[in-house]
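Before anything else, here is the set of structures, which you'll find just below.
Presented sequentially are two complexes of subunit A, the first with subunit B as partner and the second with subunit C.
Moving on to the complex of A and B:
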């Protein structure tokens, strides 16, 4: 069964280290999203597994066999690039039949496979169309079944939804996942869109500078990010800077620039240290009065925007810093707050995560590079 | 059929093995270095000893120098004329619509498929008969430098227009539109936006025209009279069996070409022409009213008077005789001079075919190697620039170098001609294939590999079909250039006469009825070229690419 294992894999392009000693196991039939900013090495990771680039160090193991020297055509891992790479001079049918034909599968079997798959994605009427005559969504489906028809059990998706419009993207997320499960595929899906990764993956690998910053279930990555970068990259968060005043078990209390004290969860912080605390926007509550003396910051509402399921309130804290609070739409509709209201911004200590202040500065650390 | 498929599968599985593909690339590089580049450049050096012949001889020396100077001045002025007259025509073809413009577009290719020797003779007839000059009350032109300029213009102009049209088609119209919406008049927009974006195309076409003019021999001899440029001087020196002038002139021509190539390329990088300022009033006037219309009329008139009519005249005059089997029934029977003619035809076409097949076979792996950077970026850059070196060497000089390089190896004359033609056509073929491959994104082939195709299969099912038009046009170019080639062939051959060489002989050493013979002979060449082209075009019209 096709599991994928990387052991200390390193790939350089000239002086640039694209993948830096990465070790990871992807289980059979697992749906893994590789998430990371542009240039983090996501696509290189995919190309390493596909066999299109060869690592300088480390081993790539597919199905228990080391495949470093195995050419792409013998790895049974089909790559679907962002623009799908449908062959422009072949019809949809010929595209789908490409894999079995080049693997020497006999004609009848190829016919059977291709027409079954075309039916699965309800494109049998488009069999004779050329890629340029298909819509973006159709092209994506053809590319998907083309990978399957080749007999591959490993599917390597490079930004598979990136070229589609927003609405279609949401629809196809669900479709992709169902498709993968239906055909027992092991999928590595590369994306820079954190909401896509969170909503589709069994497991997320967060990549940064060619290294794995964090790996875990969407839930773990979303709710307990291991590093400041992970916290700032996944989900919308507020960042506040402060100095640690007291450490008790896993709770630290700190003084922030915006005035007032904050209690947050942290490990390994010492008294007197500079710290950054992150709070998810939906964990910030806005109240017109509050008696708490910790986790209670004063501010003024400067903007209210309805963004579908939630409203985004912009609040200017004392000292000028602006934070956003996401309030469920129903609740926001009944709220008396308006632009100009004085508010208290409150949150629970377990929703606030504190990290050591990064050596190279906050802006550089959280910038998506 | 089944055996063929099995063989292909076997070869395909071989191509998965690294050492196999490495040796295919190695072979193509070896072919290039030892059969194309080496002989073309190193041979001439072995003749350096004979330079004394020229340096000692004052008269010979000054004749050689003035011939080289004439080549240089001719090539530069013709190339400049080509650009000045070619830009507006290319612009017309790309930007305007209409049936007559499609016709214009097709006509541009006409002089490209006419063998230059044929063109030379046609130009001679056109300008030396009463024709257009008589209409204006001027005396007809006699062979000499004036006719040479007209001839070189007519064969290099289509090349320039073709390249510029190609580049303009690639150009996104959005920039010019943006300039117009920002307030630029059409002329200002074209001058400040389109032309600068086209600069690489202008430089490329200028250099192509320059190289062709420096190299052309056969047609030039036909119209030159007593005028001598580099290639003609070399040919005359060959006639009297002097070696020194060959070496000196070849070296000087090559040196000038190299300098011009690098100077023009450097100029393009360093020189920012004053595109910035707009002389609003003048350019407004140039964009409106009668002036653009007059511009169009002049452009089209120049094209017809200097290119189309001279090229077509010959066919109109002699083609009927050629088709009907000729006034003297001996043409087809091959008696008299026509025996020489037909053996020349057979020789020319067999060489052309051989050259095309060999070069295709060896230049395809080379082009892949360069375009796909198989041995790394720097190797690709070096091979790419090396492979274009033979373009810079005028073909007569290249022929001389070939002759010297192989003279100690007792290479049969036939193969010497083949080797020279291989060398001359190689750079064009490689360049055509490299640029075509550059346009095919690598991810198509990569995806095919992950779907289970071995390297040979993915190349032959994905890449090859996508570049097949370039492949075909490269093959046609190679074939026609080989059939057409005169300069290098004159230099390396002593007893064998290809058709263009024979026709040049007929013009240089007239005999009773020779004008008719040359006319009929060149017409047959022309008709055959057109026929071959049509057949190839029909064959290549396979499945439509969507």
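Moving on to the complex of A and C:
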């Protein structure tokens, strides 16, 4: 039962608190993505679990046993660092066999493991190749199975796809997940890429300033972000500022700078309060006539960019603010809208989530750029 | 304001042909990108345009003038590197004003242009700060400002966003395009990220194994790629094997598994083995189009944020990946459900079956 538990774990580097009283349980065979911006503490969290850094406070428990003092090689956890380097003078086979051999695993068992692992990543034909003869994606797969060859059931991945081509990254996401399930692994995967986390994880831990900002299934984090930061970090969203005029149950009516009133979902907001409402770009529909039952803002299309699976329409609202609507390619290809079209930007109250206006200002809170 | 003309440019490193016979033209004020997998030669090509390395053969012209013999500093190009290369010991002002100062410009001009650049990048409030105080995205914008400040009208950008966080990267694309357009620059941008290329460029050049495969405006390349490799590399495509059943001037009929599909793209004798590309988001489950129906069974699905991904079995050994919009209600098709998908004729693209096999053709 390879599970991981952190209880009130804190790690400082000088004056910087990299991990701040983090408590979390990662279950047996769960695939968890730790998501956050640069400097949020993601890699430190992973290195704490691996045993490469030691916490000042709190406990790290693996398989029910406190491992604060246990060295990395005895933790049942294998770390694949961001800049994994294969041994250049060894073949793919020798790279993978290195771990078990140096730990005294007998020859037959090593042969068996290495051959199974190579087959799983479909590189058995490349066993005798040297790293320089392998493509980036192949090297990544060798590095992955090398970290598992010692028999660890917990796999710790630090930006495992970061060094690869964007195209290859998409293909390997699915392979990683399948691989983890096949070997019954418990995985902690660190990434700054929200779409990677959403598409691969059983559960996401969103990290910020060394703390867990939100945790939940990809669907929960994506559709019901608990904070303004979570909303701005996960998915592409439009942010509008306004003042709360009326509160009724979970629905607030607010007046926005872009003209008129809109309804949004919120908890804990009071009349007269400043608020920021966030709407996913794909939930903004563009219509040439206003719709009832939903929010409408008037604007003019200023740019249309096909981005592949969707088109990005830029719309300048009354007052000059620019918002972006993501329209699925099939709809966009048949749409009569063009640059200059007057449009109504429509969205349901359920797709608009309002948060209290951040004390330190919007720009700092969402850390755009 | 330059046009760029490249004719028959080649470069070898030892036995390795990094660039073979590259020919391309870029118009004044155009933002183009060159995309391709690692090792395809795109950075080598960019460096030859810059004059950082010299071609073995072929010509590079700016505004019609041959620049083959000109060193980089006389070509009037601004170059932005993948690794942000600001002077760490200088503040932002010092970094951005460096080029005009080195050229010996008048003090008034230096002040004016530095301020203009910093304001354009929305960094003027932070002009006294060293690069290390700024986020990665801000630093890369400052690097762009520094490259433009000496008056360079041609920007060459080598994977300028690839070191940044995904979130920052996707926002900076649009900002970079805006800056280049507002300043009236010509830009050539090298990237392996197809989304970035779609978002940022007026025209995209696809490159593989040292050669330029094809070029076009983003939507043409994406929806009507002339080459199978483009269909694979630019965005996502299902690449399937099928047989030609009927071929006419405008469209044809192909068979995939048990399905007969109206398609377009090429002519071939009946029975010919062909490769077929269908984009996952252009196959819609349960929609009303009646051009093409594909029947299949959902074998897997995953939530990927703005869309659901389904893997649908459409034949004994044929699977179709389909991306359809997700919604917050969670009413999606379950695994095991038999579904009918619709794809328009124009979105089923047929290609000659590659002689070396599919895998070799698309993955190299």
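Throughout what follows, the second predicted complex is superposed on the first by the 362 of 369 C-alpha atoms of A that agree within 3 Å, B and C clash if a C-alpha of one lies under 4 Å from a C-alpha of the other, contacts with A are read in each partner's own complex, and residues count from 1 in each chain.
In the analysis below, a residue touches a chain if its C-beta (ideal position, glycine included) is under 8 Å from a C-beta of that chain, and two chains touch if they have at least 3 such contacts.
As the structure is a prediction and not an experimental result, all values here were calculated from the model.
Asks: Just to be sure I read the superposition right, which of the two partners does A:114 touch: subunit B = first, subunit C = second, or both, or neither?
Replies: Neither partner.
Asks: Examine A:192 and indicate which partner it touches, taking first as subunit B and second as subunit C; both and neither are also allowed.
Replies: After superposition on chain A, A:192 lies in contact with subunit C alone.
Asks: A:166 in the overlay: touching subunit B, subunit C, both, or neither? Say first, second, both or neither.
Replies: Second partner only.
Asks: Could you look at A:71 and tell me whether it touches subunit B, subunit C, both or neither (first, second, both, neither)?
Replies: The first partner, subunit B, only.
Asks: Taking the superposition on A as described, I'd like to know which of subunit B and subunit C A:329 touches: first, second, both or neither.
Replies: So A:329 only meets subunit C here.
Asks: One more residue to check, A:146. First (subunit B), second (subunit C), both or neither?
Replies: It touches subunit B, and subunit C stays clear.
Asks: Using the superposition on chain A as set up above, list the residues of subunit A that contact both subunit B and subunit C.
Replies: none
Asks: Could you pull out which subunit A residues touch subunit C in their complex?
Replies: 37-38, 135-136, 165-168, 170, 192-196, 198-199, 218-219, 222-223, 233-236, 280, 282, 305-310, 312, 326, 328-330, 333, 350-351, 367-369
Asks: Where on subunit A is subunit B touching in the complex?
Replies: So the residues of subunit A in touch with subunit B come to 47, 50-52, 71-81, 83, 85, 87-89, 98-100, 102-104, 130-133, 146-147, 150-152, 156.
Asks: Note which residues of subunit C are touching subunit A in the complex, please.
Replies: It is residues 37-38, 135-138, 141, 165-168, 170-172, 175, 192-196, 198-199, 218-219, 222-223, 233-236, 279-282, 284, 287, 302-307, 309, 323, 325, 328, 330, 364 of subunit C that touch subunit A.
Asks: Name, in rising order, each residue of subunit B that touches subunit A in their complex.
Replies: Interface residues on the subunit B side: 9, 16, 441, 443-444, 446-455, 457-458, 461-462, 465-466, 543, 545-546.
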